[in-house]
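Below: the structure, in structure tokens.
Per-chain numbering from 1; labels A, B and C assigned in written order.
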Amino acid sequence: MAHIPDGFLSVPVLAGTATASVAALATAARRSRATLGEREGPVLGAVTAFVFAAQMLNFPLGIGASAHLLGGALVAVLLGPWAGMLVLFAVLLVQALLFQDGGIAALGANTLNLAVLGVGSAYVVYRMCRLAFGDAPRATVAAAAVAAWVSTVLVGLAVASELALSGLVPWRPALVLVGGGHVLIATAEAVLTGLIVGFVLRTRPELLPTRTSRATAVPAFAMAGAALVVVVLAIALASSQADVLEALLERLRSADAPAFAGPPAAPFADYVSPVGGAWVAGAVGLLAAFVVAWGMVLAVARRRS
Amino acid sequence: MTPLVALHDVTYRYPDRTPALAGVTLAIEPGERVALLGPTGAGKSTLLQLLNGLLRPDTGAVRMDGTAITDDTVAAVRRRVGLVFQNPDDQLFLPSLIEDVAFGPLNAGATRDAASARAHAVLESLGLSAAHDRAAHHLSGGERRLAALATVLVSDPDLLALDEPSGDLDARSRRRLLDILGGRREALLVATHDLELVRGLCRRALVLVGGRLEWDGALDALLADRAMLEGFGLVA
Amino acid sequence: MSFHHLDQFAHVGSAVTRVPPAGRLVGTVVLALAVATLPPGAWSQLGFLALLSLALLAIARIPPAVVLARLAWPLGFVLLASAALLVVIPGDPVVRLGPLTLTAQGADRFAAVMGRAMVALLPAVLLVSTTGFPELLQGLRDLRVPIAVATALGLAYRLLYLTVDELERLQRAARSRNAGGGAARRRHLVAAMAGATLGRAFVRAERTHAAMLARGFRGTLPLLHVTPWTAGAALNLVGVCGLALAVAASARLP
């Protein structure tokens, strides 16, 4: 579902996502140790085991189907972004290596989507919501649910983007099918995450870090902002490179064009030719929206305290 | 003669400030066998964890061979005090038994071959050789308790500290445990409710009630005194 | 639930198992990458890499029935995931199925993806069949995976059993207490069970940590078995990887 098997993604996408994942995991390893200290091993082990076990639970949707917990947001709320990324990475490793759930070559992409983006974005949204609406139990549960929803949708968008950038499917069907599918999953994830966080708050409130430090928040937010910029630039770059690649191919007179430039222009047949213009506007718009949202949240928070 | 382990006026409070131990003073000699008795919540487990430095006293001192337990000395102390926890599953956390048993020696710096050999020997002596490459959940409850015991026996401790070792054991496994413990030379401190287990095994008894050491004397004398047993809450 | 059945061939000595686990991991990744990135139409290269993988499986003495059994589930999933390709790729229509149109380009792409996915699964099956869990951890450690992750996985093996055990007990208790009730009620139950298990997971982590400290743990799990590198194993690994990469590269030459 969210795990991409081998054979779907192109070399540039595989390479790019793997590099980004390695960088993120390196940061996560350092910072997780700083937060958890000596207990790191056992705590991560216990939560990893929990995520595995929990993913086997059937969560009835009431329409004859059931969903399964992804766990990214839950782990972000409980352990913070860095330890959370390590836990999801551990889960993905075992799933790929032992159960062939998710490709081995695609591990970098799956890690970036589920561990880095899934956990990181959940944490950022969670913190923003709590800043805006306070830490009362109801607000915390709502914040966790919203974080779960947003991060799952973002994961879906990432998967769709990677499939489209690999030239496998055109953008529109990718976004509709994969992105849309993830919107449905996101709702289940939000409800389940909210319910679990609510339960934990009632029975073992000490497990939820209430006073999360600025030391964690600032680098997480900075990383989120940087990641956003990088992703958008990458999309812009890749789309402009498509033209360059086509030119190269003409020169090599290759009958079998490497798959992932595809039949020329087909991947973007349903979009206006994407160099500059629309993409730059999109990038700037997205960044602006993020900055404005953050600013608003901070303003609200300052007013309350 | 310096006692093997000594507590002097030790006080300990849990992180939420409830008192666990108050003014406990006791000493255990090398090779001595002592039963640690008391009702639930009396502080027996806390006492055991103070003995190997997992917990540090708020006031007073815990000494091994006369030397206080500090961050520098704690590693050596942990080699010499073999603590077996109440729940064997807490102690068996690696993918196979042999790894669990070799864990202690490897951490202490033994070579892989030496650690492996010692681990095999201990498992053999407890009749667990056949399961050496399997994970603990393939064993029965009694076997798991023995396996947990193996994980500390392998380090040749000077003091074996056992927390409720006979819980959920059937009669045959209890017999087995008694035979094994009976044949050992090191000092023994058994925290338990199981009076039958320690009768015949231990000479001396310590009674903890509400965090205070209320009695320190011959086990037989205690077991013969019904009134005292009831007074301490050791029998109904 | 058991991982034990997975590595039953890890004890069978072969040229594959003589390569230390880190090498096996690298080889698996290289082979999977080589297959996964083949351009469409590179059928001879795909076939060659498939044969190479099958040869390795044979050398490791994995029975074909086992390979098929392990391929079944992931293949089914890949089939579902790539089925959409048949009708989503624009191009020359072949067949109309209601509102959907199956295109020639869609069929081509579907075939390419299925081919790559199927063959890329073979090295994965090889890895899981020849590498026990402790060995896998050793390999990950050698490859510089963050220590916390390796330690976490080392402990997670046992912790998973204990956690699943607990969940099953809770499920049985819940089922006996609550026959029926709608989806909403069941959702709350599931969340409550998950929440309870989560709480216990942290407690267990504390106790495990205490037990580890009591036996001298200082931050890294020690390893009992280490497969040493030999010249022969290294050569075999380099050979297989080189071959795979050469074949993959040949698919992109004019």
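Everything that follows uses one rule, which is that a contact is a pair of C-beta atoms (placed from the backbone, for glycine too) under 8 Å apart; a residue touches a chain by one contact, two chains touch by 3 or more.
What you see is a predicted model; the values in this text were computed from it and never measured.
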Notebook entry, point to check: When every step has to jump to a touching chain, what is the lowest number of steps that links chain B to chain C?
Noted result: 1
Item checked: Per-chain CA centroid nearest to the all-protein CA mean -> C
Next item on the list: Averaging each chain's C-alpha atoms to get its centre, pick out the one most distant from chain B.
Entry: A
Check: Between which chains do we find the greatest number of C-beta pairs in contact?
Finding: A-C
Margin query: With centres defined as the mean C-alpha position, give me the chain B-chain C separation in Å.
Written below: 42
Checklist line | Distance from the mean Cα position of chain B to that of chain A, given in whole angstrom | finding: 48
Notebook entry, point to check: What whole-Å value do you get for the distance between chain A and chain C if each is reduced to the mean of its CA atoms?
Noted result: 21
Check: Out of chain C, which residues touch more than one other chain, so two or more?
Finding: 133, 154-155, 159, 162, 204, 208, 212, 221
Notebook entry, point to check: Can you name the residues of chain C that touch chain B in the complex?
Noted result: 4, 133-134, 154-155, 157-159, 161-162, 165, 204, 207-208, 210-218, 221-226
Notebook entry, point to check: chain C touches which residues of chain A in the complex?
Noted result: 5-11, 14, 25-26, 28-29, 32-33, 38-50, 52-54, 56-62, 69, 78, 86-87, 89-90, 93-94, 96-101, 103-106, 168-170, 173, 177, 191-192, 195-196, 198-200, 203-204, 207, 252-254, 256-260, 263, 266, 269
Next item on the list: Would you mind writing out the residues of chain C in touch with chain A in their complex?
Entry: 3, 6, 25, 28-29, 32-33, 35-37, 39-42, 70, 73-74, 77-78, 81-82, 84-85, 88-91, 105, 109, 112-117, 120-121, 123-125, 127-128, 133, 136, 140, 145-149, 151-156, 159-160, 162-164, 167, 182-184, 186-188, 190-199, 201-202, 204-206, 208-209, 212, 219, 221, 251-252, 254
Item checked: Interfacial residue positions of chain B with respect to chain C in the complex -> 49, 52, 54, 75, 78-79, 83, 85, 87, 89-96, 98-99, 102-104, 106-108, 112, 115-116, 134-137, 151-152, 155
